[in-house]
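See the structures that follow.
In the two complexes below, subunit A is the common chain; its partner is subunit B in one and subunit C in the other.
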Partner chain A sequence: MLSSFNQTPFLHDVITVGSLILLTIGLVGALTKKNLFKIFLSLAIAEASLFIYFIGMHFEVGKVAPIVTQEVEKFSLNMVDPVPQAMILTTIVIAIAVLSLALSFVINYFKLTNNMRINEMNELGEGK
Partner chain B sequence: MINIKKDISIETLVVSLLVSVMTIMLISLFLNFNEVSSSIGTEILLINEASTGTANAVTSVVTYFRGFDTLGEVTILFLSIFGISLGLEGYKDKLNIFAYENQLLKTAVDTLFPLIILFGFYVIIHGHLSPGGGFQGGVIIASAFLLMFLAKNDDFALNHKIMGLIEALSGASFILIGLLGLLIVNRFFDNFLPLGTLGNLFSGGVIPLIYIFVGLKVSAEITALVEYFVRIKDVE
Partner chain C sequence: MSILYFVTIPLLASFLTPFFKDYLRYISVALNSLLLVFALSFMGDTPIREYISFDSALSISFVLDSASLFFVVLFFLIMTLFSLYHLKEESRKDSFILTNMLLASVSGLVLSGDIFNIYIFFEIASITAYILTSLGRDKKAYSGAIRYMIIGSFASIFLLIAIVTIYLNLGTLNLLTISESFFTISQNSQFLIILSLFIGFGIKAEIFPLNFWVVDIYQASSNRVNALFSAILSKAYIFLFFHIAYMLHVDTKYLSFLAVIGVISFAVAELSALSSKDIKRIFAYSTLGQIGVLFIALSSNSIDVISGAIFLIAIHSITKLMLFLSLDILEQKFKSTTIEIFKNFNSLFLVVIFAIGFLSLLGLPPFGGFIAKLTILNGLVGLREYLFVGAILVISLIEAVYFFRLLGSTRVQEPKEDIEIELLPKVLLSLMAIAIVYFGLFPDALLDISKDVATTLIGGADV
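So, the complex of A and B:
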């Protein structure tokens, strides 16, 4: 019975729905939270959903990681595509760089104004 | 307390659900995840052993086939840390925010710190043989320094001359390897060293060297990043 779940299309559907839910959680957080810190962390969660989607959709049942070990003795087409994993590695590093830069801006903003809530920001003089 | 009805309106929920559905559908349309008989990935898997001699195909994609892209990635990380250091200046006069005394952590960190550093270097050096590599090992080394900041709070400070020297020299060596490949073999980041046997520690030509320099650079940068974020409390 369990083997019917261990099929590539079913797993791809699970990954699609899961990353959809995670992306929705991130977007809801970014839209509803009033704290700048939480907004950026919500965006990081939304990014993580895309990483999971991209890696997960290139997984196929029966294929192994593209690494030669003692069990897998040579490179063959029975391995998953290495290019998406390398691209997501690049993306994760860039996401960390952008997130840390954004959080440093948040810290600087808090030091200048003693405020981190977006509904109390009034630097551009837009009034209440 | 979280008041779900007040905080999350139904419009927000609908909008974010629609945006997520559209995003996922757009990506799946663009990428077209059908099983194809030949793609860049299968080509790389077929030529990987002959052209790079590394046991890990992801590493050879990151450092060899897309080495120029990795250079850009490291540059983006460097620019981000540079921007943070411009914004959070004067951190040398600031105090650590983890200002609590924990004797258990203080005793344990003396044992754990060398072990975590060793594990980080293991992950970096074996990047061409096993899962892991420069970025992952660099972050592991930075986590050891975060543990030091947690445990020893103000007693522990980094030597910024050595950190800057490591970062600058490893970044310069990374580009130097690329330039040597350009001069000797006529392609940026090409192999000019013998490939060795697949699966040995000394194999893969320049790929372990590139990943070691990337790992040193990333560890120095993330450690500096951790210190910028930890040392933000003003002296009273």
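So, the complex of A and C:
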């Protein structure tokens, strides 16, 4: 019975539902939270859900990671599509850079104003 | 010569910054003018397609057609003027690095023929723009940068959703292949892709209702940064928006939706500008209004109208560069950008510059903006889109109200302060003003180029 859980379509369904839930958590969090740290954390969660979805949808039972090793050549194993992995690796690096830049802005802003809540950021606007 | 140099040379220059020491401003002028000449040398050789890497399915492609060449030339021209403007000032390492990164990323955006590469250049351009916004290092600047980052992260998430959906359906990232097989995707996925692309690029192209953040960002950044945002960055995203829309052969119902959104964008921006008391914000609203006009024109799917839009892009970039740099002179004197400062300065030169800029933005003869709006309106009449013609004319009247109010306030008899302008800025600002008048009087050469660009833009996939 357990073997039916180890089928590619079932796993893809789990990944789709799971990453949709994560995406919702991220987007809702980013829209409703007031603390700047929590907003950027929510955005990071939303991005992570896409990484999981993209890699997960290209996972298939019985295939190995796309790294050419001696074992792969010896047993002529099938590999999953390498493009998503390369893409997501690049995207993760960009996401880390953006997140660290965002946090540095938040820290600098906090040092100047002692404020970290987005609804109290009133430096900009008409007549300011 | 490879078209990759448009991306790699500015990037390399920003990595080599520490070696240039105090010569940064000279290097910057030399580099930008060299790249401008280099870009001009490609005229007549288009289209060019270059591949990096191993396998045709996975290779990264760069495409230089007459449309992307036009934008590359425009960006390098603006950057050359911008760096010449700074020639007499102290070299600044941070602005050298950031302007070069901006240049590399916008050239990458318009040249890339691969949607994932577009995403990477999109992120580089965004990161650069965030840091440029925060350069003031006060609470205003950081507040603006944080807002920009939050909204920018939404844009990149939606762009990523589109890319992931495209790859899952088609198994390719090459724009040309996507364009050929986009119709094979199911209707629901097509809608998801188009919606995500609209949100992702729409936020960056500053279109209603995704542009509520733009004016605050302009207020937070310095005038010089705003000049770059308005003249280069938003233009690159608008090109990309419509390049991809025409590549995907999206349904005409989506295009007419974009035109309606353009009208709303134009109306909302000009009405908000009426009640604004800050010149930076007024200029930002005016940029948003022009983007509305561009959306009406570019979504028309007709070569005549789109060539007017391309003409408008060129003129508007030069005009906004000129206006923001002139405003910068005023801000340095008065330390403020409220509309009150227009009553307090005494400089005929600046008044003339502002007048030329405003009248060209309004589309009055004999300035470049007139020819652009005339071409757009003529084309729209030819298409029997009288509603859009009427909308553009009526909303331009609102625009006239606040521009003439600003110009009128320079005539107010109040104690005035003399403004000293150095020779170099004076020469450069006059050059830009002369260019605007010149293209208003002798538009034929630029109109021919615009027509060529428009043909390539619509024909997108055929190249």
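Everything that follows uses one rule, which is that the second predicted complex is superposed on the first by the 116 of 128 C-alpha atoms of A that agree within 3 Å, B and C clash if a C-alpha of one lies under 4 Å from a C-alpha of the other, contacts with A are read in each partner's own complex, and residues count from 1 in each chain.
The definition used in the following text is that a contact is a pair of C-beta atoms (placed from the backbone, for glycine too) under 8 Å apart; a residue touches a chain by one contact, two chains touch by 3 or more.
Treat the numbers as computed from the prediction; the structure is a model and nothing was measured.
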Touched partner set for A:Val83, first subunit B, second subunit C, both or neither: both
Subunit B versus subunit C as contact partner of A:Phe105, first or second or both or neither: both
Partner chain(s) touched by A:Ile94 [first = subunit B, second = subunit C, both, neither]: both
Partner chain in contact with A:Glu123 - subunit B first, subunit C second, else both or neither: second
Which superposed partner A:Thr113 touches (first subunit B, second subunit C, both, neither): second
Which superposed partner A:Glu60 touches (first subunit B, second subunit C, both, neither): first
Comparison of subunit B and subunit C by subunit A residues contacted: B
Touching partner for A:Leu43 - first (subunit B), second (subunit C), both, neither: second
First, second, both or neither for A:Leu2, with subunit B first and subunit C second: neither
Common ground on subunit A, meaning residues reached by subunit C in one complex and by subunit B in the other: 27, 50, 53-54, 57, 81, 83-84, 90, 94, 97-98, 101, 105, 108
Parts of subunit A lying in touch with subunit B, wherever the complex brings them together: 12, 16, 19-20, 23-24, 27-28, 31-32, 49-50, 53-54, 57-58, 60, 65-69, 74-77, 79-86, 89-90, 92-94, 96-98, 100-101, 103-105, 107-108
Subunit A-touching residues of subunit B, taken from the complex the two chains share: 7-9, 12-13, 15-17, 19-21, 23-24, 27-28, 31, 33, 35, 39-42, 44-46, 48-49, 55-58, 60-62, 66, 69-70, 73, 76-77, 79-81, 83-84, 87-88, 129-131, 135, 198-199, 218, 225, 228-229, 232
Residue ranges of subunit C touching subunit A (in the complex, touch as defined): 58, 116, 119-120, 123, 126-127, 130-131, 134, 137-140, 142-147, 149-150, 153-154, 156-157, 160-161, 164, 167-168, 171, 173, 216, 219-220, 275-278, 281
Residues of subunit A touching subunit C in the complex: 27, 30, 36, 39-40, 43, 46-47, 50, 53-54, 57, 81, 83-84, 87, 90-91, 94, 97-98, 101-102, 105-106, 108-109, 112-113, 118, 121, 123-128
